[in-house]
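Naming follows writing order (A, B, C and D), and every chain is counted from residue 1.
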């Protein structure tokens, strides 16, 4: 082969490698986003079941990070997804099982539920408007529609605390239920307001900054 | 220069070349270093987890140590430790690495002390990461096609933004000086080499190590801070932020030493007759920039070291509740950061003013004024940094001062403009590709400068700060300024550096598509900023979608235009290989009197200068070409 | 025109002027002082800035008093090291070797002492702005000192070798080794003196003003 | 400079005059367009007294920048037309003009005058009312309460990633919505609980960085009823782009009703809030979890 021919082959191979690398970069990293789960439609309305755990599964990329899971109420099937698909302009009942301990709110204001129907939540079967900010474990909040629901933490001296996900209902947990009316179609983000990211400055790095753990989307369709 | 000519060891041949001090060894030792560092870090923190707080599953100490030893291993593998160790044992000084006396392509993958080789290494290395950063820009614009998050994750988007900004900043600070000053300053002042030629190679390889480290951020969760890396947002970042810190600290190290090397070279190694007032204007540009690099970059390194200490050994430089201050980082960062933007701009000015006379066939108009302009910019750039912080609440009573100093800096910038414009007066303008890029530089930088007035004026900056307006402004100055000068320099000097002509038709296609697409991309961003679109957002008001789509499409055209350039380079330099004439532009500066390619020793005799390099239109015309015997042409 | 002046003459390659490299070393020594002062200027700035702001009254959290004895010992070692080396650099080269050796040893002792101080110190790095500046400044200073000591050491090593071999060697620079050594000793002693002056400033600010 | 060579006007067509004439014509066309057509549309509109001030400021800057830009562009266009090499195959040098001291002198005079005027003008405008920018804890420019108006202090509490608003004059109630009374001097005390944010109320012409542990004061004098957009203008983490909301400027009675309603609505939360303070240092400061 001539020298120029060799160079052409070399360039082609190099270009092919570059294209593959770019493809991997986009495919494996950039577009690698958590999956979604749809709300359950029953005769009693639209239900969304969520669980918050002190740590994701041991096989997760970040097995020490706090995280939300979508919980299938019937089959106890836990899915590590943080995009929740809800129908537009509907009243949705959300049930969140929280297995995590309390770490206290940075801004105590979020100890009060806002944006729910009636401004109330049902905590372990009791209706209330607010919880003690120091007992807050997480906040489920969609700031764009003014929704913020504090989740009470599991007591520090709980007998049977859950470690890593999945956590069945036999572990100690608190149950928070609330209803809210979904807005019009669109993509809304949700987040947590309790500095619950262990090991990060002010508790606000890592899982608090990462979609797929303490952040995600509500996709209203 | 006997040191270069004498070779003591016979070069190895075939695959055995790969055994020894070269890039491959460097990479292997770098990987080993990373694991060793990580292991040590885990051992250290394992003993005292609570204090170092490694329970998050991301041990910053281990990662930092891994990066550090990785870089050390890489440099050792390249052979950077050999000479220092010899000196430590009392060996006498030398100027060149014997290991690097390879001929052919292989020497570009080794530690080379030949300034021409280092320049070409810089050219390819800078080019590579320029394109990587540019690719990220394309991806950013892809995400912004729609007002919602639709292609990439929200975290990945911010990492893209940060990578694009950091990599462009870190790469292009050496973008003009790396290839062109390393190649040209020793030729133009007749010194044959940089004062510290190993240091020259070191600045290149350490920069490359930094770039690779920045890329590894994607394995550690990226970083959400943009290129400014503000604290305490950085302090709460995942380990991806460690990559950012290491990257920028290495860039800072590279800049500091590069500036240091340039100043020493230009100060002490000018050949006879090369007085300060005969220095080519590009060398002045390099010289003024070098001062900024040498003095500003250490402050960046210090600021990043503090950030690293906050993350690893739990100091509280930037943690407000614990006696630190977020302002401290902003101050330190911008004390570096504003000279930094002139580090980007000044060499471009030097290149444009250097090329203008060649294609105007006239001497540089107002040489002393141009030098005064460069010195003025370099000096004033130290006193403007708080204009980045006009609405931050920091030293509000100093805002009139910073407003004044910022607007004053437009005076020396105006000198540069005047000199460029004056050179065109009654000229015989030859619209070659490099000249087109120079003229576009004037056009783009004009808009960059004028929009800068809005940012420097506090009442107006209240709206424009942190918006797309600012983004458009600095892209007009940096991309419209630096990148256009970069291409002007490439089209102008590549024939001398590589010995082959670049295709002119493809060059013109590249220029026109880039020029039009560039303006079509960034001019609408002024409007978007004026409408209230903040920077670095992944979502925006749906009303702005039309303009954003327009911008994205224009950005893709920039990308295509860059592909044309890439094709031109590959076609002309690797495939077609049409040998370049010794002086294709009929220029009168010294590098064009040398054979192509330039021989190892540059000149057989140290030149003696008796005039500045712009003797255009002098009667009788000086004898040009054939004084040049291609003496060392094959060396 | 330089065009004719630069025309290569085949065969013989003219070496560069012998005064270039020593001059480069001289200028380089001074420039390094500029670089290193801007580097530590950041810590000086951080010191005064955080002290003045005293955010959340956290300049010092709890009892944060460094051990004055360590401070004075470290500063004195550095100072003595610089003075003896700089003074020797102004005398014949033979003297520089002994002084250089002493300077390196004292510098190393100061660095070791610095790290010993961290072990016995009764406050941690997270106890406020002062603690941050204290640890940050002294640690980076101690590590940066190694660079200066290395520079001195290579002069000492070369002088040692010259004494052992009884002659200067041919260098690959077109300058005699004598000239290069003189320049090296002069520049490294200037730089080291300047560097130690920053250390003394650190002592004053951190131990006396703090 | 010791310039050899001729002056600008030695021979040939009167290029210099041509350039000046073209420049004047361009100015006559462009400056009125810029001032009267573009000018009123400049941001951030007339939502507040300070915003109107910024519009004026932008018009002044633009009308001064126009002749400068036109000067460069006309010159550039002219020289490319007049001095372009018509026979590129032959290399011919131009005249060796190395400078012109009077041009340099006048350039320096004109640019210096412009720059000093701009800096002076900007300073005067800034010191008059602060232009809606954040001025730190000790503001130097304090606009007067408008005639027949009142004043209101609103604390902006930025946190990752939501703006909350606290009204110290109304029992320290904190809300996630903002409404402001019209014709009122509003003092925003902007602070942050975690990282640096920036409170940008676009239509009001207000921008003030929210720094943790710092009280950054910005003033705005509202005019009539208006809807304004609040956005975060400093990168603050993953939801930076989503940190926005809408506010309203409403008649005073409506504001009174709104704030009374908020006090009732957020009574449970208000009880748990720390006492109103210009800065907050909430625990945990360091590592959460």
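By definition in this document, contacts are C-beta pairs under 8 Å (C-beta built on N, C-alpha and C of every residue); 3 or more make two chains touch, one makes a residue touch a chain.
In this text the structure is predicted, and so the values were computed from the model without any measurement.
Count the touching C-beta pairs: is B-D or C-D ahead?
Greater number of contacting C-beta pairs: B-D.
With chain centres taken as the means of their Cα atoms, state the distance from chain B to chain D in Å.
Distance between chain centres: 30 Å.
Taking the mean of the CA coordinates per chain, how far is chain C from chain D in Å?
Centre-to-centre distance between chain C and chain D: 46 Å.
Report, in whole Å, the distance between the mean C-alpha point of chain A and the mean C-alpha point of chain C.
53
Averaged over CA atoms, how far is the centre of chain A from the centre of chain D? Could you give it in whole Å?
So the centre of chain A lies 38 Å away from the centre of chain D.
By residue number and range, which residues of chain B touch two or more other chains?
53, 55, 154-155, 224, 232, 236, 310, 314, 319-322, 325, 327, 615
When you check chain A against every other chain, which residues touch at least two of them?
In chain A, residues 189, 197-202, 204, 209-211, 215 touch at least two other chains, as defined above.
Two-or-more-chain contact residues of chain C, please, as numbers and ranges.
In chain C, residues 55-56, 126 touch at least two other chains, as defined above.
If you go through all the chains, which pairs of them touch?
A-B, A-D, B-C, B-D, C-D
Name, in rising order, each residue of chain B that touches chain D in their complex.
My answer: residues 53, 55, 154-155, 158, 224-226, 228, 230-233, 236, 314, 319-322, 325-327, 330, 360-369, 389-397, 399-400, 403-404, 407-408, 410-411, 414-415, 417-418, 421-422, 424-431, 439, 442-443, 446-447, 450, 453-454, 456-463, 465-467, 530-532, 534-541, 586, 615-618, 621.
List the residues on chain C that touch chain D in their complex, please.
For this pair, the touching residues of chain C are 55-56, 126.
Within the complex, which stretch of chain B touches chain C?
1-3, 5, 51, 84, 87-96, 190-192, 195-196, 256, 260, 263-265, 267-269, 273, 294-296, 298-299, 301-303, 305-306, 309-310, 313-317, 320-325, 327-328, 331-332, 588, 590, 593-595, 599, 601, 603-611, 613, 615, 622-624, 627-629, 631-632
Help me check something: in the complex, which residues belonging to chain D touch chain A?
157, 159-162, 164, 174, 176-177, 193-195, 237-239, 242-243, 245, 265-266, 268-269, 272-274, 282-289
Note which residues of chain D are touching chain C in the complex, please.
213, 279, 281, 286
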